[in-house]
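What follows is a pair of complexes built around chain A, which joins chain B in one and chain C in the other.
On to the complex of A and B.
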């Protein structure tokens, strides 16, 4: 029997790189497949989709027409955009101020309060739904977009993110600004925000995507068609007695576009923000 | 320009006292350097003068006005920070004019002041660059320019050269000295580098653990230190301390013999000695004050550990029989240090006597 030749040094050298590429290829396939399948399905009829057809069809225009017939697209997009943009702006405003405050101001209670804020991350949303619904009901906010905004604008995760990022903000900049005559709010606005813009951009992407895709809480508090967001509408199309999956895929594509757009526009800032604004 | 007076200034964080009652007068136009090891409170004291730290007790006046609770921007001070603290999103021009713009100054006046400061500091070609496009030295000049445009009564420098390389540090040190000559402003400068302190200061304030150890002109501190801390801190390389014992006391003199070498005796001048015969003391000798063998008042044999030749001078690292490590500067001879034993002369006139607590015996 001929002995198997030992792998050469060259083979061993390329093995780690090859493993990395294989792992990345699998991850890329898993990430991209749903998008590709969504695009293919949007061009096929519901029956073809159920049959598992994996090639492009000719029902795209029919699906688009049906979607626009069934759904008041401008209203639904307006609702989603309004909720997502307002939630994002308010969350960033509140959470960045909180993160800045937690890091910059020293007091005996600071870390206790911060621990309590972080503790709220451990409470599952399912446990909060009923109390929140009752609160919104008593405040007369059911079926309004304010009911979606209020519980989300003080985000423990985004506060945590801002506080951690603020640790890299040079305190000497704050001192220099004080000597230059700036009040604390002016330091925040004119120095902190521009210096930490990558952190803000990353937070914007995270909060916007979360808010745009928010499903469970809007499903509970938004009850009329006039207030519903795109995620609720697509979901309702999918849960019809005879769902038209081609139409659902058109809705899914349209619902995905804004988040993709925001991500691609802010991609560089997002990556920089995740790595830290201050270098 | 203004004077600065600190009266019984204290700073505490809870039960921890950082500054323990500092009294200090800084005259108009004086260049004062706070010097001391890390953690001695020099930066805290500077920040208290700037208004960036609260004063726990005591009184601070600038130009005769009490400033304890006055906003930093209204104290008539400008500060240059160790890390420059330039706003990274603004150009050099914007950085320099920012405080003035915020104070509501007219555009033309801001432009005039910024241009004047840029000319003094030769920043002209850099005015539209952002800080990240500048070298360390350029950034430091911008930081100084930002202070100059405010035309402050008092300049505060917090270890401004610490982040620069050795060559640039020397260059900027000269620039700051020239700037003081030009502007004639009151300057308070913090550093842990005693060479900076010696070369820049009109007056040095030596701090240790929140207490002022000694205040005086650089050469006064060098020639006449109050204790072993000041004696060791001022001068580079630092002063050597040799253990000794008081052998006898005569009017105006104290004779001491070195530990483990009772035959090596020095008769040191002391008008009112606070020691008695038999007391443990230490003798301070600067590296440059060792004489050649036979040319001092007593000879000392040392064991050579290693020698450094710097060209213009040489340093011998050695130890004496009692174990103390000493540094000897030998400017006159290079070959004399290539041996295991070295005999050097001790001169009573250039030696200092300290008691067992480290206080100078005069």
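On to the complex of A and C.
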């Protein structure tokens, strides 16, 4: 006979775990439900979706066909991918250098300039929109993807993120490299980048997602069907007098996939990078 | 092979960046148009453009499709910043917002009076685009209202179609009580988070949130007062099915839960989409508020086309709108049949599609009726701040349900509206 622990002791051990699981299950349900509902709705007709049908239907292929008829899918994805990838690469190139510079080089003005950079985080985009639009208009960049890229590549948040992470970068490595005769750009490229790769990965995920989902500024700047990104297309589908929600759901799924892919591929590095920045 | 193309395209863009700088400049003779709804406005404008290009091959059209809020945001930004080369040649503006754009940006839109013969359009559509006697737009779709009713439910309760012609809202409530008693169905779906129904009732008596001079008109607005009182009576009599939000409201009649719908003509397509309800519906003029100046015609929603003064293709754009929307009767038949769009050109009623009897409505000539009511919609001044005042009204609708005095509610709406628009 194995002795059974007293019920009170077992309950006492079991309760915290149970409540944790219950709380986590509720949180998981709340965050997963929209995705599940999106998947289910993509297979239903608009009328069934409005009625609140929660089981899979047979309208998936009709919805897909309608979406591909209404939207020039390859062009829209090409536009979104072009903007998101270029924004990400350029933002990381510029902002990682800035973050590295702010941490590595000491000068009297350093923290004043850094405060100014951080101050820009506090200005809401809506306040910058009209002056920015006038600038782009004068430069003849309205309706180009460059107009979306330019204002975002010097990102105060990513500069901040790189500077914080750089605090964990061992300065001995830089000193040793200097003794070995490496120039500053070589130190950055051959030592800093490989050492900080999880930081770069996390920055990649953050910038890619923000850029892919960017809505307001592309909306203001882009003027023609040929330059539109996926967020604008989904917005337009959803604002019809009688939106075909099945088609909207197909658009939403397609618009979500790339960010999910990027996140899942880089998940491990992303988590490592986020932890690293806290050190 | 395929991968190589993708790669080389990517390389070209990423390294040279050349394609990024290629802005798609408008070609001479190409009219650019911004509007919303791919299956409605966009499709209708494509049809109009194709008709015009067939006769005038030198003019082509580039119709750009944005969400309605997006069109407004872009228009506002471009006009505020004075960056006129970022504007299209023609833009669609919702009627409730027309005065706001016309008065906030004087000189931004081309005056069309003198070119377009406005006497052929429903007067209320012309009024809403007039500033200081000058008319600026091309009237497009109308939201003329109708009273859609289930003949089968009314019959079970002992009413004939003649019994709901030209009634008052008080009579509507009496009928509603009997309908519920006999059929268990509510008389209407009512969404008290939306002031659309309030606007229908108010305009049916020829008044609006603003008077003819554009001054706020709430506390002494007899039509608004009657509209709120009527809603309170409906709420208290309990002859409605509460719904929150648009989709639930639409569901109240598509599911057969309510006996009547009072809204803009654009709902016809949704009503008719329920094929199993064919022959069970009729359309009558909407009930009247029964006060001085009250009638049976009103409007909900609708929008119109405007030409930008700065447009390089201004002359072409105006000629195009004038030839299609102000003259082409056949065009109006086609958009009614294919898209369910009711325009504002009165002469359109002489065409085949408008003359046709509709089997879904038991063989009634519904489009002739709507056309009659269209000419009777009272012209009002939508003013600059309709949307702002509407927010104030919506915020106070729930207090009606709780039995607040209408005069008190009007006072509160007045003070909230004053705070919002100053």
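Just so we're on the same page, the second predicted complex is superposed on the first by the 264 of 279 C-alpha atoms of A that agree within 3 Å, B and C clash if a C-alpha of one lies under 4 Å from a C-alpha of the other, contacts with A are read in each partner's own complex, and residues count from 1 in each chain.
Just so we're on the same page, a residue touches a chain if its C-beta (ideal position, glycine included) is under 8 Å from a C-beta of that chain, and two chains touch if they have at least 3 such contacts.
It should be emphasised that the depicted structure is a prediction, and the values quoted were computed from it without experimental measurement.
Student: Will chain C clash with chain B on chain A after the two structures are superposed, or do they fit?
Tutor: Aligned on chain A, chain C fits beside chain B.
Student: Mind working out whether A:194 is in touch with chain B, chain C, both or neither, as first, second, both or neither?
Tutor: It touches chain B, and chain C stays clear.
Student: For A:82, decide between first (touching chain B), second (touching chain C), both and neither.
Tutor: second
Student: Please indicate which partner A:172 is in contact with in the superposed arrangement: first for chain B, second for chain C, both, or neither.
Tutor: first
Student: Quick one: chain B or chain C, who's touching more of chain A?
Tutor: C
Student: Going by the contact rule set out at the top, does A:242 touch chain B (first), chain C (second), both, or neither?
Tutor: Once the two structures are laid over each other on A, A:242 reaches chain C alone.
Student: Report, please, how wide the angle is at the C-alpha centre of chain A between chain B and chain C, in steps of 10 degrees.
Tutor: Between chain B and chain C, as viewed from chain A: 160 degrees.
Student: Identify the partner contact of A:181: answer first if only chain B is touched, second if only chain C is, both if each is, neither if none is.
Tutor: first
Student: Just to be sure I read the superposition right, which of the two partners does A:25 touch: chain B = first, chain C = second, or both, or neither?
Tutor: In the superposed model, A:25 contacts neither chain B nor chain C.
Student: Taking the superposition as given, tell me the minimum C-alpha spacing from chain B to chain C, whole angstrom.
Tutor: 28
Student: Across the complex, what residues on chain B touch chain A?
Tutor: That would be residues 47, 50-52, 71-74, 77-79, 81-83, 85, 87-89, 98-99, 102-103 of chain B.
Student: Looking at the complex, which residues from chain C come into contact with chain A?
Tutor: By the definition above, chain C touches chain A via 9-10, 13-14, 17, 20-24, 32, 36-40, 62, 64-70, 73-74, 77-78, 80-83, 85-86, 88, 247, 250-251, 254-255, 266, 269-270, 273.
Student: Considering the complex alone, what residue numbers of chain A touch chain B?
Tutor: Against chain B, the touching part of chain A is residues 170, 172-173, 175-182, 186, 191, 194-195, 197, 278.
Student: In the complex, go through chain A and note every residue touching chain C.
Tutor: 47, 50-51, 70, 78, 82, 85-86, 89, 129-131, 133-134, 137, 140-146, 149, 216, 219-220, 223-227, 232, 235-242, 244
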